[in-house]
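Below are two complexes that have chain A in common, paired first with chain B and then with chain C.
Presenting the complex of A and B:
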């Protein structure tokens, strides 16, 4: 009986078995789908790995893909820790790109300073856009999910309008002018290391943000309050934390991560901002990254890495095994499905089975 | 006392990291081991067939823009051209779809690194990416449709869309009953502006009093927006709508079909390929832009060792733009007039404005 308990417990423990099992199951489901579609899953997964790790260039580009995923993942995770679902990362990213592009194109500044100011303005744009959601939630009672989804589109069309009127490239018509070279954050030594891949200081900044994320949460009063609100808003309020202000600050900082992601895309990857009619997928992928990473700093780092491998390697599956791009999205979706499903199983277990074995459950709680 | 907080903070940080690592390490080691196992298995299974081709076969790759390979428009047309090329010559052909702008460069590089002798970029939006990759790989050869790229190893293919659009403009001007015709454009880029200019000029040539209503949707991959744009044009009284909007144009067809079911006499003029399959009952005609012929011809030339860098403009006289062979809904006298204009344009007697 004890063994059985332990076996069941291994499914419901919030440890690493959940994401790990989900990843394995996700890959399995992906393989089955490919097999049904008439593709060889072994060839496809080999091609995926070949594409993601096959050459320094590919590794570099994969890490380039990872950069925005990591930042939007941190952005979502940060809000999540305070009990908020920031689904507006896409819009905050667009605003970040816009801020960086405006400074990069319009404001003449000396090198380095220019890049720093452009980055900073990008971060600020994203943060303000995020805090707008926080304000609506805190003082106007608007559900943050609804506000954020709608503001995503407002941000996109607003950015398109600004690009068109202020910084449009008259030759191209579909994108802004190039930002000044003084505002670029290309890291030549990194690019050289990875055979000209578009890897910039942005990648290093994103890695630094993993530490910043952890530091903010665990080493500042703000972070403590934020986690307290996340753990139980009413208790936190009773303890004297001002929830309204807290929500705005959380969304401000969460938006800052996304804004940085957007700024890096402009200053480090493209050098311009395009007029686009759809959001880049990074915003919504960030939710998946944060979820798989359990909203922890290192967890997000690793899940961003995994998603980058899948997302960038997908082109390899397409190339070598003729597997459509959509299948790699199916694998990602399957992984997420299993993460979400495990949470469901866990809650069912605690409610029903757990009630019957209250004693054993309490001992588990005590142990952890 | 003064130094203490600093030390504390450091040790705390260390403790935190150690704690986190401890919590995480066990699982991650396991994850890593298992994923390695899976991938090794995968690698074993996949060994032979991935990089098998020898240096002998001629390989042509193409990278689509975000419209994708089934856009009913020029990506699809380009791929049809490559498939024809493959049948004629036995050369290896392959395409890669881009899911965002960020994919253009890695996709092009994928072909370069796999030794493809000719790599096509399809669409205006890929100009910057082709320029970049071509500059970094001076030994590879590239072709691009609809954009001008100035590099010694790139052949840029443009079309005289204005000439083809002029002809469908003549058809529209002759056949409109309401005196109003519509134009749905994708983005306001030079290529699409050429369509618009030719269309307007053709219509004015035969029906100076007719009015053209213009609607740009801003995108090439949103049928819902195309449908909305067409709806507003039909509501304003247009009875014929010409679209140059890629996949967005699919929506123009669905709007026209719905209206036709309700008894309204509305028509669509298709673009790029003969789009009759999207709505046989509402398709008046299509303006063909033979991306397929261009891709096929130039791929064949390159295979025969005749690569020509620079800009190539395919006109009506070259067969680069045209109308379909049969047009069941167009009366003979209109077709005759179209033919007269065709001759005038081909001979150079008539110059069609391009913007």
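Presenting the complex of A and C:
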């Protein structure tokens, strides 16, 4: 009964209208742009859904795509709760991949132990890269956004250098050697369940991290302090929380989530690391995921799912309906835009639905 | 040796031009109090529209003048993207960093989408034949040793970029308009109390930044690459942002910073021609601008002080 009340309440609460309204508006913007380009948006969206849910294999691959989105989303959300914007998830992910690839290729270890050590080193690399942002912010006064953007590019070129000099595949030239099979984290039973989709234990780990995220925030002293800093840094400092240390620890843990995402890409999906000139989009996608999810554990899970459908289904759109897959990125951008400019969504909402709900709106005004 | 130096000066100026345009744009936006993280997106928009427009003009048979027309047409793309940024941040009080990320996202997705729509699924625009800039040789001056090949055989965009620096400095520090715009970056409420429309000036600042950064993107298309693909800009907007911060929001220092970063790119291209330099890993040279920016920002010597109200939405109802 109480659960049902809360369920109903969630639909009436203004907090949820913004994300839902933004999703609807985002898809609408995508439809308008497709219509403008001479495509039928209904056919395109149908093809997108068909690609994302059409077969067990596709569902499995879509969930594989969801894994880094979920982890970078949690990474951004975690920092966000402490009042920090972690725009450096791309770099932390690269460092995570690099750590995992180095251990996977160079260090000989028995099975299972090897995978665990490789994952751990990946997480550590990501976490340290994140805490570097925290250090620069807390003790050097560098804006965390600027520091993170710069470090993203440094990480990319640094990783390229290390791959090229230490673990380059002499035949391929553009990627590292394969990690040893003892370091892979493929989950055969999961793959079999989804017609050999590249799902690994990484996906299960990512789901576990949703719980870890919640636990860290709400069941540890650290999480309490972190949320206190996020709610008001000055008050938190007055209460005896050391802000500088807190910023570094927050960015360390935030970077750990992204590092795990990078490690899973190497150990669970590809088996190697590529030399690339631009960042994979997951880093910036993570911001979208976290914001749409309201920086909560479950919200991030749902929005990671939505973005995975969008991003994996996009290929189907291109294949079946000839719509360039970049449309999905426009839809993501539009959703994020409406979440960010929530005042816009609220005002649209007020115009269209406000009259029907005048009473509750007044109470909303009174509260704020 | 003299040839090498002249060549380095020349290539530095070529690679800096785009950064100078974008970084000057960044100054207009951030001096008005709006974070210019979206420079990358504006540059992508400008590079895209320049490539498409130049191709259209080329087809129309407008020859060499189509490069000039395309260059200025490109501004429209940047201004439209900037309008969205301004709408979100100025009118609806959105988080400026998030909105900047959105613009970069949008520009990257939409430009490649449109390329595919216009050119039947191709990943890049057709390579331009006549509609690209050629280098100007200034009569007499270009015959001077060292200085001639270094400074006076340049693309017209380089001269225009240098002129933009002077113009930016003049507008922002020598006109009432500039004083008003800069006051919004420091204390919007004080400016508003004197009757300055925060909203209007911030819109102007942001849209100007979009136009200038788009010129930067167009510079790359019309001088260096000759077409547009997803990899044409690849982070140059962020280097421009770094240059702007490195130069502490001051046009002349920003010019030096942009030249320095341009030189890092130029060095990378030149150095591969010489056997003695092949041992220097290119990755370290790529990294240089970013690492230097971090060092400067984190050192105690730096007085990098952003505009005081940068990133704060101005809420009319609060007046504080």
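One rule holds in what follows: the second predicted complex is superposed on the first by the 328 of 368 C-alpha atoms of A that agree within 3 Å, B and C clash if a C-alpha of one lies under 4 Å from a C-alpha of the other, contacts with A are read in each partner's own complex, and residues count from 1 in each chain.
Note that a residue touches a chain if its C-beta (ideal position, glycine included) is under 8 Å from a C-beta of that chain, and two chains touch if they have at least 3 such contacts.
Just so it is clear, the structure is predicted and the values come from calculations on it, not from any experiment.
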- Query: Looking at the overlay, does A:298 come into contact with chain B only (first), chain C only (second), both, or neither?
  - Reply: first
- Query: Which holds for A:20: it touches chain B only (first), chain C only (second), both, or neither?
  - Reply: first
- Considering only the touch criterion stated at the top, classify A:150 as touching first (chain B), second (chain C), both, or neither. second
- Check whether A:277 is in contact with chain B, with chain C, with both or with neither, and answer first, second, both or neither. both
- Just chain B (first), just chain C (second), both, or neither: which does A:235 touch? neither
- Query: In the superposed arrangement, which partner chain does A:112 touch: chain B (first), chain C (second), both, or neither?
  - Reply: neither
- Do chain B and chain C land on any of the same chain A residues, and which? 160, 277-278, 324
- Which positions of chain A touch chain C when the two form their complex? 33, 37-38, 85, 87, 136, 140-143, 145-147, 149-151, 153-154, 157-158, 160-161, 164-165, 277-278, 284, 287-288, 291, 322, 324, 326-330, 332-334, 336-337, 339-344
- Item | chain B - residues contacting chain A, complex | 9, 12-13, 16, 20-21, 23-24, 26-28, 30-31, 34-35, 38-39, 41-47, 49-51, 94, 96-97, 99-103, 105-107, 109-110, 113-114, 124-125, 127, 136, 187-190, 218-219, 221-222, 225
- Along chain A, where are the residues that touch chain B in the complex? 15-17, 19-20, 23-24, 27, 40-47, 49-51, 55, 57-58, 61, 64-65, 160, 172-174, 196, 198, 214-215, 218-219, 269-270, 274-278, 280-281, 296-299, 302, 312, 315-316, 318-321, 324-325
- Message: Can you tell me which positions in chain C touch chain A when the two form their complex?
- Response: 35, 37, 84, 87-88, 92-95, 97-99, 101-106, 108-110, 112-114, 116-117, 121, 231, 234-235, 238, 241-242, 245, 281, 283-284, 286-287, 290-291, 293-294, 297-298, 306
